[in-house]
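Just below sit the structures, each encoded as structure tokens.
Both of the next two complexes hold subunit A, though its partner changes from subunit B to subunit C.
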Partner chain A sequence: MEQTKKSYFQKIILIIVGIALFLLPFAITNPYIMYIINLILIYALLALGLDLIVGYTGQVSVGHGAFFGIGAYTAAIVAKKVGLSFWLTLPFSIVITAAIGFIIGFIGLKLIEEYLVMATLAFGTIIWLVFLNWTDLTGGPMGIAGIPAPPTIKLGGFEFPFLQYHDYYPLLLIFVYLGILITRLLIRSGFGRACTAIRDDELAAQAMGIPVFKTKVTMFTISATFCGAAGALYAHFLHVVSPETFTFSMSVTILTMVMIGGQGSIAGAIIGASILTISSEALRETPELRMLIYGFLIVIMIMFFPKGIMGLIQIIKRRFLQKNILIEKSSVEKEGLGYE
Partner chain B sequence: MSSEKGYDTAILTVERLSKAFGGVKAVNDLSFSVTQNAIHAIIGPNGAGKSTLFNLITGVIAPNEGKIKLFNHDITSLRPDKIAQYGVSRTFQNIRLFPDMTVFETVLIGTYLLTGGKLLPALFRSNEFRKRERQAKDRIKEILQFVGLWDMRNEYAAKLSYGNQRRVEIARALATNPRLLLLDEPTAGMNQKETKELMQLFSQVNQQGITILIIAHDMHLVNTLSNQITVINFGEKLVEGPPEVIQNHPAVVEAYMGRAEANA
Partner chain C sequence: MFFDQLINGIVLGSIYALMAIGYTMVWNVLRFINFAHGEVYMGGAFVSLYLLLLDTPIWLAYLGGVLAGALLGYLMEKAVYMRMRNAPKLNLLIAAIGISIFLQNLAQYIWGATPERLTSPFLYKNIQIGDMMINQHYIFIIILTILVMMVLELFMNRTIMGKAVQAASQNISATQLMGINANKVISVTFAIGSAVGALAGILVGPVFLVYPTMGIFAGLKGFTASVMGGMGNIPGAMVAGLLLGIIESFAAGFISSGYRDAVAMVILLFILLVRPQGIFGKIIQQKV
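Moving on, here comes the complex of A and B:
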């Protein structure tokens, strides 16, 4: 089953669809729908980032909403106080989230699974409190408004402004493609394989010469950086950042996207981001209900579909093709043989 | 002992090694050495400290006292991945495979030391990166053909028969290009045919110049396969020597059968 090896035909179709997606704004006239699509792209980048550490490396974080926030606030502060444009605030956001991601990863990943969850939870809460209370820097509960859109790009005779939702879309799409590309390149390398080995069996991975801690911290940092970049894009897209966006529930939302779409899958992250963005827009009036539903969904997913929608699709595909139905008997076999 | 150069050099030296868990001395003042190209067996009754010894050698746990040397490098208390870099690889008593990976993918993990985990070459797909990836994949083909799993390379490793799962584990260990291979009861739970086939595999591995340190219960296997045996009991060394000497050694008979039978 070399499912990862796509045929030329499939590759060409993917490329055509990829290019065709740039034409989407011409088909959509309603700016609100365009706004939702843009949000999906930002969330897709967040989910891709979180999936790197949760799905591919097996380390659960419930603090990635904070990295999103740090990226957004860094861009907002640099743009407003220093007066730099998006093209310069973005690298700032990336560097700052990478640095903080490294520090949090370095401290948090010394801990085992359950404690990492608690450490990231604490981190997320602290960052939110900083946004809320460091009024001089962050504007407190009011946040920072008036963040300028990225300056218009002039290429030959053409002008590419970023003032409207329709204009901003191609920029976001490029970043999502970049995120997908980086994810693919990393996963199909010694580093990415080391991550999946750690996820599956840390002890065996280490016996193969994989430096477990270093690999985890590196991936955590990259993962935080994805969220930082998404934050900068978000700040310049909405022109305003405020603390209530970057609460614990943001972290849970991103995690739910990864879980529902399917951990360790690029398509899964994007599907999860799409479903949750649309549903949270639909449930906009009742945020309490939203969290209740997400919590319930996570439990259902973990219990019955640990690999999410993409896992389900694969199972159906395999059944359909009548070959290689995965039988989970090995674990039973292994448990049958005790210690000496 | 042999015409081959370097046969008698010690590849691994364990000096006065001790490890206690609470009040229990799992390994107690244990010293022995493994000569290069040997198939060295560690035997002993249940709970004698054999697996603890392996975990100490591979760095999974740190000893309370003593030294472990690989060639002339002190590897005592190094991290497992560092020790793997020195050329030590292992299989586990309870087979540890990666649940979601095919045979090929599983063995590919073993080539980490060859491909490395650097980020920039991976992101830019440098020539060096491509070369190493190609080398790794060629090497896996070689290894999988050697252990007889090439035809099953695209199956999920965890789906294979117990005997073949063990082969995957051995293939993964070989992919690290080890100088010393540690096998922790590799034939436990296998039928006679599987055991015999694995024994053949081990001597073939050994013929490639890989020193083997093996924990085993099966006395027949130990006597046929190994050329040096260390018997341990209660974490201490009882006796050591070639199979002919060990087979009839009173201390060994006593440890295995009890005193009464030994006298009988």
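Moving on, here comes the complex of A and C:
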């Protein structure tokens, strides 16, 4: 897709901005704004994870909210019942979501692509019912409270305790950078290209000798682990997990982020996460109106701007720079009505 | 106890079978799973409820709900899916998810989230068979389901339009070459599938109440039934729907009611894992 080579100049600017972002807490004094920025980072990680499977591999999942929940609950349970710290609960969350992600991918990716949607929807429902009903382990509707903050980091002579929202920000930012790095490495690798080939034409990819099923399941598993890691971060950041966070709406919200920002684009995932987190905070008082707007936006975006905001930026850029005079056709006109 | 669960299962199963028909019919002509089908079920029930509040006679309110469901399905197709015929399947699917969320929350915005009961002329009357009491509304559901299936069978096999739908199910491009208006066939398919789905929602209304998210589980279970029956296989969907209802009813009765909805989900995952082409289905071949 937009595999344009960035110049050295652009790369240096990106790196400077990336480092400068660590200084953001010094500029913001309001803890509430810091809290929202932290939430954006967690959602960015979720959106990056979902984009791996939706944007790069072309398989829709509406169960990533459940993977997020499994990550969060695993961290919470391990931290509370075993008493491990964040650095040990995180691997737990990752391993467990990877295992469950593998199973769900294995089940859902078998026959036709629509089956994954239904399998993930069914899975999300089961997981939610388990959170709600398995009171001994998950605390039922009350959830689990009092999840400890990550231990103080000692670096040289300095100490970094986790006391307020400002302290979490660098940690979360590092994880988002890690997510971006992994995504980039993945999609630039042979494996990532195989995924894109499957997205563009599954049969052709198969004919080229790509093990379609295996590739899809692998990518789905990786995508689930992103959400697992985000879940562990969420649990230790908010100190509380409860079932109403990890409903079907959560999965839809993550999907909307990817669709609004632009599927198959790292910047798109982050833009989508930012827009939706801010708007959902703004619409906090009227949640049903929020979901109403999300649903409408998904339909409009997919009908008219299937590549989201990043796609729009691309079009504007192209028009503006007059690099490509050829108008890109959104879809090759097929013979007949193109039903198949 | 055993017979009570069996009757409950058959009633549930009838509803799932009705839902499954919608999925399967649309799948047949467009090779697409209408994710928003559950919202038609909810929409039909809500329109009936609303009409009843306006002191409409019950039969007219029911009919109005069914027609509203058909209209909703028709509009869904005309407004969104028809404009996306050349788009990748993925986009169509995401659009359907969007429609589903939109309609759910629209209903919640208009009517609120409190569950309400639809009235039924039969709800508080029982029939005694032997030493067992059966709710008359249950009998009404079962009879109506059988009737709908018979009408549908007649429509598919005896009318020109039904035959056109069947032809489109086999090969829609070839259907067009034969001079059949494919868009009209697709519209009719959506309208009929949705009408049947809305009827399911209305029939359930007096028993399980009407609320904005009622379509999620019903949709998933209807879909489960259509997968069990073999995607695209209408009689298969009917049988599988009944089977699913009975299994669910027994499992909920004997295991745990908290996990009631999880039973069908587990069955779905199991079927997708073991026999994704369904119990009565053939191996689906991808078309190039």
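FYI, the second predicted complex is superposed on the first by the 321 of 340 C-alpha atoms of A that agree within 3 Å, B and C clash if a C-alpha of one lies under 4 Å from a C-alpha of the other, contacts with A are read in each partner's own complex, and residues count from 1 in each chain.
Following the convention adopted for this analysis, a residue touches a chain if its C-beta (ideal position, glycine included) is under 8 Å from a C-beta of that chain, and two chains touch if they have at least 3 such contacts.
None of these values were measured; they are calculated from a predicted model.
Undergrad: Where does A:Phe296 make contact in the superposed view: on subunit B (first), on subunit C (second), on both, or on neither?
TA: Only subunit C is touched by A:Phe296; subunit B is not.
Undergrad: Give one of first, second, both or neither to describe whether A:Leu203 is in contact with subunit B, with subunit C, with both, or with none.
TA: Both: A:Leu203 reaches subunit B and subunit C.
Undergrad: With both complexes superposed on chain A, which partner does A:Ala194 reach: first (subunit B), second (subunit C), both or neither?
TA: It touches subunit B, and subunit C stays clear.
Undergrad: Would you sort A:Thr183 into first (subunit B), second (subunit C), both or neither based on which partner it touches?
TA: Neither: A:Thr183 stays clear of subunit B and subunit C.
Undergrad: In the overlay, answer first, second, both or neither for which of subunit B and subunit C A:Thr97 touches.
TA: Neither subunit B nor subunit C is touched by A:Thr97.
Undergrad: Once chain A of both complexes is superposed, is A:Thr74 in touch with subunit B (first), subunit C (second), both, or neither?
TA: neither
Undergrad: Go through the superposed model and pick first if A:Ile126 touches only subunit B, second if only subunit C, both, or neither.
TA: second
Undergrad: Return the chain, subunit B or subunit C, that is in touch with more residues of subunit A.
TA: Touching more of subunit A: C.
Undergrad: If we overlay the two complexes on their shared chain A, which of subunit B and subunit C does A:Ser223 touch? Say first, second, both or neither.
TA: So A:Ser223 meets neither subunit B nor subunit C here.
Undergrad: Using the superposition on chain A as set up above, list the residues of subunit A that contact both subunit B and subunit C.
TA: 203, 331, 333-334, 337, 339-340
Undergrad: Report the residues of subunit A in contact with subunit C in the complex, numbered from low to high.
TA: 54, 58-60, 62, 104, 106-108, 110-115, 117-119, 121-123, 125-126, 129-130, 132-133, 199, 202-203, 248, 252, 255, 259, 288-289, 291-292, 294-299, 302-303, 306, 331, 333-334, 336-340
Undergrad: Which residues of subunit C touch subunit A once you look at their complex with the stated criterion?
TA: Contact set of subunit C toward subunit A: 30-33, 35, 80, 83-91, 93-95, 97-106, 108-109, 113, 172-173, 176, 182, 216-217, 220, 223-224, 227, 231, 256, 258-259, 261-262, 264-266, 268-269, 272-273, 276-277, 284, 286-288.
Undergrad: Taking the complex as given, what residues does subunit A use to touch subunit B?
TA: 1-2, 182, 185-186, 189-194, 196-197, 200-201, 203-212, 215, 218, 324, 326-331, 333-334, 337, 339-340
Undergrad: Show which residues of subunit B lie in contact with subunit A when the two form their complex.
TA: Its residues touching subunit A are 46-47, 50-51, 58, 60, 79-81, 84-85, 89-90, 92-102, 105, 108-113, 115-119, 121-123, 125, 129, 132-133, 154-156, 158-160, 162, 165, 172-173, 175-176, 185, 188-189.
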